[in-house]
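Below are two complexes that have chain A in common, paired first with chain B and then with chain C.
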Partner chain A sequence: MSSVQGQAIFRDVPGPAPKQASLGQRMYTSRFDYLYIAPALLVMLIVIAYPVYYTIELSFYKTPASLSLADKTFTGIDNYRTVLTSAIFWKVTWQTIIWTVLSTLFSFLLGLGAALALHRAFIGRALLRGLLLIPWVVSAVAASYVWKWLYHSDFGAIGALLNQIGLTKGPVNFIDNSTTSLYALIVVNVWKEFSFAMIMLMAGLQTVPESLLRAAQVDGASAWQRFWHVTLPQLQGVSTVTILLLVVQNFNSFIIPFIMTGGGPVGSTQIWITHIYELAFLRQNWGVGAAYAVLLFLIMMVLGYFYVRALTRGDDKRAGA
Partner chain B sequence: MTTITESAVRRRNGPDWWRWTGRLFLVLLLGFTVMPMVWMIITSLKTGFAAMQYPPQWWPAEPTLQNYTRLLDPSGRIGQDFLHYFWNSLWVSTITTILAVVVAVPAAYAFSRFRFPGRNFLFFAVLLRNMFPAVVFLVPLFILMKALGLVNTHGSLILTYLTFGLPLAIWLLKGFYDNIPIQLEQAARIDGATRFQAFIYIVMPLSTPGIIATSIYSFIGAWNEYIYAYTFLTKQSQMTLPVGIQRFFSENATDWPGLMAATFIMSVPVVVLFLVLQKYFVRALTEGAVKH
Partner chain C sequence: MTNSEDRAQRSGSPTRRHIAKFALAAMATTSLISTSVYAQAVDLSKWSPEYVKSIAGTKDFDAAKDCGAVVPNDYAGNVSYWYTGPFEADPQIAHDQDKAFWDAFHAAYPNIKTDVQSITYNELLDKFRTALLGNSAPMVIRLQILGGVEFAAKGYLNPVKPEDYGFTAADFWPGALKSVTYDNTLYGLPTNNETMAFIWNAKVFADAGLDPEAAPKTWDDVVAYSKQIHDKLGISGYGLVAKQNAGNTPFRFMPQLWAYGGGSLDEATANPTYKSVEINNAGSKAALQAAYQMYAVDKSVPVSALTNTQAENQAPFIAGQLGMMIAHPAEYAKMLDLASKATGADKATADAVVANMRYGLMPTGPDGKRAVVFGGSNIHVVKPEFVDGGKVDEQAVKALICMWDSPEWSTRLAWVGSNPGNINGFLTSSMKQRLDTIKFLDVTTSMLPNGIPFPVLPESPEIMNIVIPDMLQNALTGNMTVDQATEDAAKKIETIIGGGGGGI
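Here is the complex of A and B:
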């Protein structure tokens, strides 16, 4: 980050800044400020910095199944080579991409639609908003079991419903079938998280100046034109943050595939995180699992860069306003 | 608001099919959202035999509360376990929430008000925590908890949940503090209050909605967490609800009504809490996190 940007962020922060003071002097002057963030930093340092360091180290060693660190041997980038050349790597990566892209796309679109439809006040709006938010609030474990029951191949409600209206004949397999399982799980995931996009975009919609919309209306813009040329550009900042958070969350999903299918059948719902779990905890292949984790860190850092940039843009704007 | 212009425009555009599209969309979306929950409740009112029928009984022929009484009966084995899980979840989530607020409030305030070297870097380091999945932290954290002597205690969960809840808590609260005019504190300072007094008497009351929102978020996050609870706790007496429910399922794999009743009871506290306090949460996002 350039110092110019940094200045802009601080413009609204009060207090005189000794401009010529050295870093050490400035840190000394604000030594009490650090006390406020010290507890948060301490906790995060213990629980985050150490694991990250440890994972990176593991990824360069071959560690016995017992995880006894005294017996590990240095193997350089062997673990990474194993990851990238394994036959399953591209299958799992492709499934992760499908999972992440479709989940994010549909969550965002449903969320946007709901936010727009709920923007205008009407009787029962708060209740409706509350009902739509429930999936986001309930535990993913509970949601997974409920959907597992809905998808049940013999007694599931969805299959029975499809049979009764004549769309299918006989039992329908949603999650025990390797061609449909991934998509069946994506439906669950979208059900669980579209309301996160909804609530973010609802908040964003409230910041769209009413005067702009009214002006466009007076100029004869249709509802669609108002949405496309006024509302949507105003939502750009919120949308970027929302989409990034959804991508990160979906890429890191674990509970829904783990509980509902365990990655099966025949690996058709295996995504990166469940695969890492399987490598590390079920096969005690610690080094390869750690190598995956480090690659994942790198991907997350790239996404994190865009996330921070999206957030700072907002900060700049506020500081400039 | 209906103004003359608006109704004139509507006349020009003909019937407002745009609005009807929105209504239809909401109805369909509501169906999609509510259908699984309704089916969960209907199933939980059936006997095991009634649930295993084809075609399904869309409405239970003989509705029964037996699944609920069995789970909540402290004299039975299942009831004993379940109430234990419930209590553990409540305890862990409550302590996590209190600690999260205590730690996040000063941090968010400092990030909002003070300018110290490294402020930006530290703030984004805190936010970036959100980007890392729980699974890759499992092994090192397990080793760490062993070293700290916290394995099989609720302390391991509380410490972990605290770090994982802090980033969003700090972010939400910072947004709130950003919107509280600095002049209020300055006025108090001029009147002789210390920085700390100004914080306690001026800033804290104004940020109550933010603190409520943060608390809901922390509580729900801790209540629903599964992966760490699944890894760190092996003693049944310590287990929290998500792990307990999974255990229940692995022991009674065909007892779907019992499982649905358990997921229902597990969902009630967080759903009620959220519905009652949702306006604070929405407001926190609107005022703090989104508005720039």
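Here is the complex of A and C:
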């Protein structure tokens, strides 16, 4: 807010409306602000804006493997048409939705459960909190390889355990089976990221006013009623942000599916991001890969909009108060 | 572009001694244009494990002196070079040989400054692509055998002549030169070449009632042996590899496909045109049917084949849970390494497996055809306009390539897992030392004449790493019949080579 407007707000006696400063004047007044953000802006332009622009540009060109990118040929929206009319795209989209929705849902629910359990003080709470954070801090690459061996269809520890306790006979095929592989990978993903939801929600739980919970208790509310009517509504903001972040993260989750199955068997664990990688980097089909990436970018922008809205909810009100 | 002559002229007016020196250098260079500095002494028609052993250590070479005839040893310049050198996981000998090379190069050419980057196999192509787009590539790059075709097709690489570097075409394997020829132009020189072979666990064979000292002769035998091992011992017989999006998969499956008379294109023929699609011919279908028989009918191969690369087969093999598989020349060293890391009862098992490990030639197809993927690396020169600084120091580049591809260094730099790209390397004492210390090297080496390079097309990675594994997975999972899977693959390959890309 400029100083001119600030004076107008606090003036006791209404007088003639101050003359609106021109854009140039306002920019001149804020020249040092621009100077301060210039380095960050420059870096963003180079590492974010230009690649985004270049990806959008590439998405309108045909880029055969035998031609350098300098010789690419303009094909309008052909690449978008290729992507959107492909049956594989819609299969992969459905898999991406399953992957994202289930990963987000279970990560959030597990994280919420863990956060609630760890919110109360008990002996060993700090240790348990540290232990539950391990999946989140472990490298996704390392975790993928470990889980690949745990799931291994011939020598996997999980299959051996199930066998030993009599639940199954012989090795269990989790990831070499096109009907179970995606769900097996979702389990790994949930294991990897529920800690993130737990941390976010633990922070949120700190902000629930103790007085409200006590008042509800005095009014005779049960533990469930206190959770449902007091705690959960208070967590709405942080839950929205957490869910949005999880959705974004899962939509872009590359490492686990790529390392564990490479998108197989028969494409059953292929999701958007791995498919884009395959098209662009393994098949050198840059144009189609770029068009696909632009579609992903648009979805990310929509999610980003909601994320920013969730983060800034109430800012206007607070500013006006 | 700079060269020694340019620099000399700039340093002052030529004296009589300078002129005489240049005349001698010119005469030497001229003589090299028509002949190699290395006389051809290897008879490829006699190639066998015995012949390889008999010629090793019969001739000595002096790389510094020989290359001095190509580029004077006092030449002052600079060269930038990217390659995949030894990394942490590689054995010490690979590090030692790499260091020894650079010491030798700097001793031979003390005035050539080197800017060298060792980049991992997985990162090298992407980094090179990025650098080319930003005109900041190195002058010289060594890429895996078909890595260069994409860049040659796109016009990033300089055509080369072996004679410019002190060699002749006869110094290299014909298959290796084929793999580095695009549109009838040679755009690199082979630095090292290798072919895989077949390994098996003799004890597993004996326990299953098979001859422990004989590899399966044909691929049909592999199918039968695999079933016998599985049925009698309850373990996997053959280490099938069929992971999607994995370069490992075609390296293991194409030898089988070629042996049956199949191909992706006509790469298995003497003079391939890469225009006719062969993936749906009878041979290809027979090979896919054999894989299907092992995976889906006999269930004699690992269930995990669909997500396995060769690395995942090593642990079961060393644990005695896998009977046989296609193996890289370095597999024996890897098994020794795994055995050395085993503890307790596992250690005894692993040691027994190493003792029972046998190497043999790849099985043949029904018509006696034996085939294997021709592997290795090539060294390339980048066009000046794409190089950092916009210049290629031609003389320094020649010096580096001449030294790297000399019989001695071509052998020593491929110590662990490959063979010299320069055939004369097989005559060196280093080769003899390798044969004496690396078990089964004579067997894997003797597969070289059966090597077939993947199609030399920029679209080859998409065909080999995407279409072939997809075809395998479609058939093995029952998603498609063998006929449908091969027809589907044929359509994809036709679209790809037709310039339409492989769809999505």
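Here is the rule we go by: the second predicted complex is superposed on the first by the 291 of 321 C-alpha atoms of A that agree within 3 Å, B and C clash if a C-alpha of one lies under 4 Å from a C-alpha of the other, contacts with A are read in each partner's own complex, and residues count from 1 in each chain.
Criterion: contacts are C-beta pairs under 8 Å (C-beta built on N, C-alpha and C of every residue); 3 or more make two chains touch, one makes a residue touch a chain.
All values derive from a computational prediction rather than experimental measurement.
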item	value
Room on chain A for both chain B and chain C (clash or fit)	clash
Touched partner set for A:101, first chain B, second chain C, both or neither	neither
Which of chain B and chain C A:281 touches, first, second, both or neither	both
Partner chain(s) touched by A:150 [first = chain B, second = chain C, both, neither]	first
Touched partner set for A:215, first chain B, second chain C, both or neither	neither
Chain B versus chain C as contact partner of A:86, first or second or both or neither	second
Per-residue touch tally on chain A - higher for chain B or for chain C	B
Touching partner for A:68 - first (chain B), second (chain C), both, neither	second
Chain B versus chain C as contact partner of A:117, first or second or both or neither	first
Location of chain B clashes with chain C - one stretch out of 20-28, 74-82 or 128-136	74-82
Footprint overlap on chain A, comparing chain B with chain C	67, 152, 154-155, 281
Touching residues on chain A, where the partner in the complex is chain C	62, 64-69, 71, 82-83, 86, 88-89, 148, 152-155, 171, 173, 175-176, 178, 258, 260-267, 275, 278-279, 281-285, 288, 292
Contact footprint of chain A on chain C as seen in their complex	126, 132-133, 150, 153-156, 236, 243-246, 302-307, 312, 315-316, 321, 457-459, 461-462, 465-466, 469-470, 473-474, 477, 479, 499, 501-504
Contact set on chain B toward chain A in their complex	5-6, 9, 12-13, 18-19, 22-23, 25-26, 29-30, 32-34, 36-37, 39-40, 43, 51-56, 102-104, 106-107, 109-111, 113-118, 120, 122, 124-141, 143-144, 159-160, 162-163, 166, 170, 178, 182, 186, 220, 223-224, 226-227, 241-242, 245-246, 249, 256, 259-260, 263, 266-267, 270-271, 274-275, 278-279, 281-282, 285-286, 289-292
Touching residues (chain side chain A, partner chain B) in the complex	1, 6, 9-10, 12-15, 17, 23, 26-27, 30, 33-37, 39-41, 43-44, 46-48, 50-52, 54-55, 58, 67, 110, 113-114, 116-118, 120, 126, 128-135, 137-143, 145-147, 149-150, 152, 154-155, 157, 160, 163-164, 191, 195, 199-200, 202-204, 206-207, 214, 217-218, 220, 222-224, 237-238, 245, 248, 251-252, 254-255, 259, 273, 276-277, 280-281, 286, 290, 293, 296-297, 300-301, 303-304, 307-308, 311, 314-315, 317-318
